[in-house]
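Lettered A, B, C and D in written order, each chain numbered from 1.
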């Protein structure tokens, strides 16, 4: 019992690490399994194999979950903890066979991988960096939202008449603003009038900074936090 | 009267904060209302509802504006201040019913949200960072403009003969330069000649730095300003 | 004569500054003039006006150039200096009426704008930053070139069979690699095979860092240089 | 013999440097040669010339490889070293004339260029920076992978019904997630539903940071390493 507890619950002993790794591998495999099952037009034996594999993994996850509940001393605390709920969500949909397919939520279990970082300073450093830069992040996010809206309204006035079927409403213009200011630029919407293009130039000159500064601030804060140690 | 003044004008008391939040919410709602009204092809009752909501919000904003003027001790100073003018611009178009639709300018009222940051150090830090990096920003903006022009002229010579309908004039080439150096890359214009592609490679190698350095400089300056505190 | 020298050659006196500004303005105007002249299909009077304006500006630039040569004490040194040669290149094509249109090189004269920065610390700081980071920039540029080539060869093997008309040769693959690793992504070439897409994912994970690190290094070096002052 | 050793093996003497440069040049030429040979539809004499050039370079590389083996004192150590294996891989495919064309691997020989940096501090600095930031890089890479998967699953649910031929399976959605979060944005897949677009907006707001922070962290670490010297 004590040994089982060490294997299942702890992750700083050798056996505990191996157990965690096996579970992680199974999660990855069950995610790949789920991904493969979304491909259409394969043979029946293809889907049968995936289905069987799905059943096997869910059974293993169920056993693992029950083991955790049984072995954990503070049972309720585990059940309502983040990892406890995620573990439950990862298996329940299978038994309920709901209309909506929630199997993909299993991917959240991958976050367990951060357990490996738990005792390292890295995660602490990053969370500290985000805490330091929190105010700036909120400010820049607000600025980004306002800028996106102003960009959308602007391009709507410039392009709506020239391309009524493309810049149909401010909703479509907002989509253009998101794709443009993040520099994704799918190319499904783009200005063709001279006014719209000059407007895009200025919006980009202002916006590129606003959108990319937060990443720079966090990077600085992480470096700062590392130096302080 | 004194209580009303505290609610409407101040934003560091509890009642003042609530009032500000309600007004902010109304601004957001009236912006969503405006956005929805640009969608075409809906039923008449849809537009009627939006119109009614528009009228209600404008009336509230008018009352709020008048209250501010009445309660403010330095009335003229408020009227010609940035926020005073924005508040006026947000309501006047409704009464004048001009041909041009200025309702979207109401989005500028969202900048009121920065009031919440006024007493924090964040806004001060960023404005300080911009002040520190001002010279560099002007320099890089000039460099960007010159580079955009040289890129446009270059690609025009390489591509105009091969794609006379795409790279029609240096104006179109400038649009290509903007979309390329900001890495948006819509895909409406792109070089197809070997010369044009090699030219694009070199322009990108030089240009990526020039366009993305300012954001890095501001991010550094913000971190620096934070450390100094 | 001494007064003329002060106006034309110096740029830290009031009159010198005004003269420089007027010349800068004329350069901008003559560039706009050149840009407008590349638009096709306008009326004859449109091109006549632009031609006349072109003649006037060239005459002014010629007078300015001759004045500089006459007034400068070290004449030869000026003529073979960077700005001397640029000034010459900006007017000579007009008189030679060569087949190739070199008028756009006039844009290089805009670099004169950096004269305004000459006495400031900004330009010094940036050139210092580039000097500090020179080795890293060369290293990353070499890495970028090698990575681009390996990416091009890789995608060629993955996609050439599936899209022989798109990924025709390694030249076209190189163009894809440039557009992808700079994140421009025009969308004229993109992988469609599973192998090609997974390969693109790994190339991007490695490449994004390599391409964007130099800008971050320069930004850091500029900040560092500023702090040291 | 001693002289030959100096020329072939050493790279800090003048003759050694010249030899290295000539070999580097030949590698570049043979890579260009290979690249040109992938172009289809040229005349026979074109391919004949490239073939002859290919033979000449391979003979030179073979002589060079044998020289290195003969001159090197620790022969076995050289043969199984990174550069020894690369040198071998660069010539063996020619003699074996295998079905798969491995000539492009020759590009790896370009990495020899880093020999020039070996004695400089630059390479040391960067490898040190990567070592400092190793933990963060692994963490952000894990985060990126998880985020890509969650983004793919999310967009699949939003877009699969509206565009069953575009977002066919989670594999295609993953490809969309890669192209979007790296901001490449080819434009072969993009959301059209309102839900999918709003989802993309939030994924981009979270993801832009995660994807671009590592580059910033390395840039900071490089600057830090430079300062410490």
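Criterion: a contact is a pair of C-beta atoms (placed from the backbone, for glycine too) under 8 Å apart; a residue touches a chain by one contact, two chains touch by 3 or more.
Only a predicted model underlies this, so the values are computations on that prediction, with no experimental measurement involved.
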* Going only between touching chains, how few steps reach chain D from chain B? -> 1
* Shortest walk length in steps over touching chains, chain A through to chain C -> 1
* Asked: Using each chain's Cα centroid, which is most distant from the centroid of chain B?
  -> D
* Do the two copies chain A and chain B share over half of their interface residue numbers, or under half; same or different? -> different
* Can you tell me the C-alpha superposition angle of chain B onto chain C, nearest 5°? -> 90
* Asked: Quick one: chain A and chain D, Cα centre-to-centre, how many Å?
  -> 28
* Structure fact -> Touching at least 2 other chains, the residues of chain C are 171, 183-187, 212, 215-216, 219-220
* Asked: So what shape is it, when you link every pair of chains that touch: line, ring, star, complete or other?
  -> complete
* Of all residues in chain B, those that touch chain C in their complex -> 132, 135-136, 139, 142, 146, 149-150, 153, 156-157, 168-171, 174, 180, 183-187, 190, 194, 197, 200-201, 204-205, 208-209, 212-213, 215-217, 219-221, 224
* Asked: What residues on chain A touch chain C, complex-wise?
  -> 183-187, 216, 219
* Structure fact -> Note: in the complex, chain C contacts chain B through residues 31, 34-35, 38-40, 104, 107-108, 110-111, 113-114, 117, 120-123, 125-126, 141, 144, 171, 175, 178-179, 182-188, 211-212, 214-216, 218-220, 222-223, 226-227
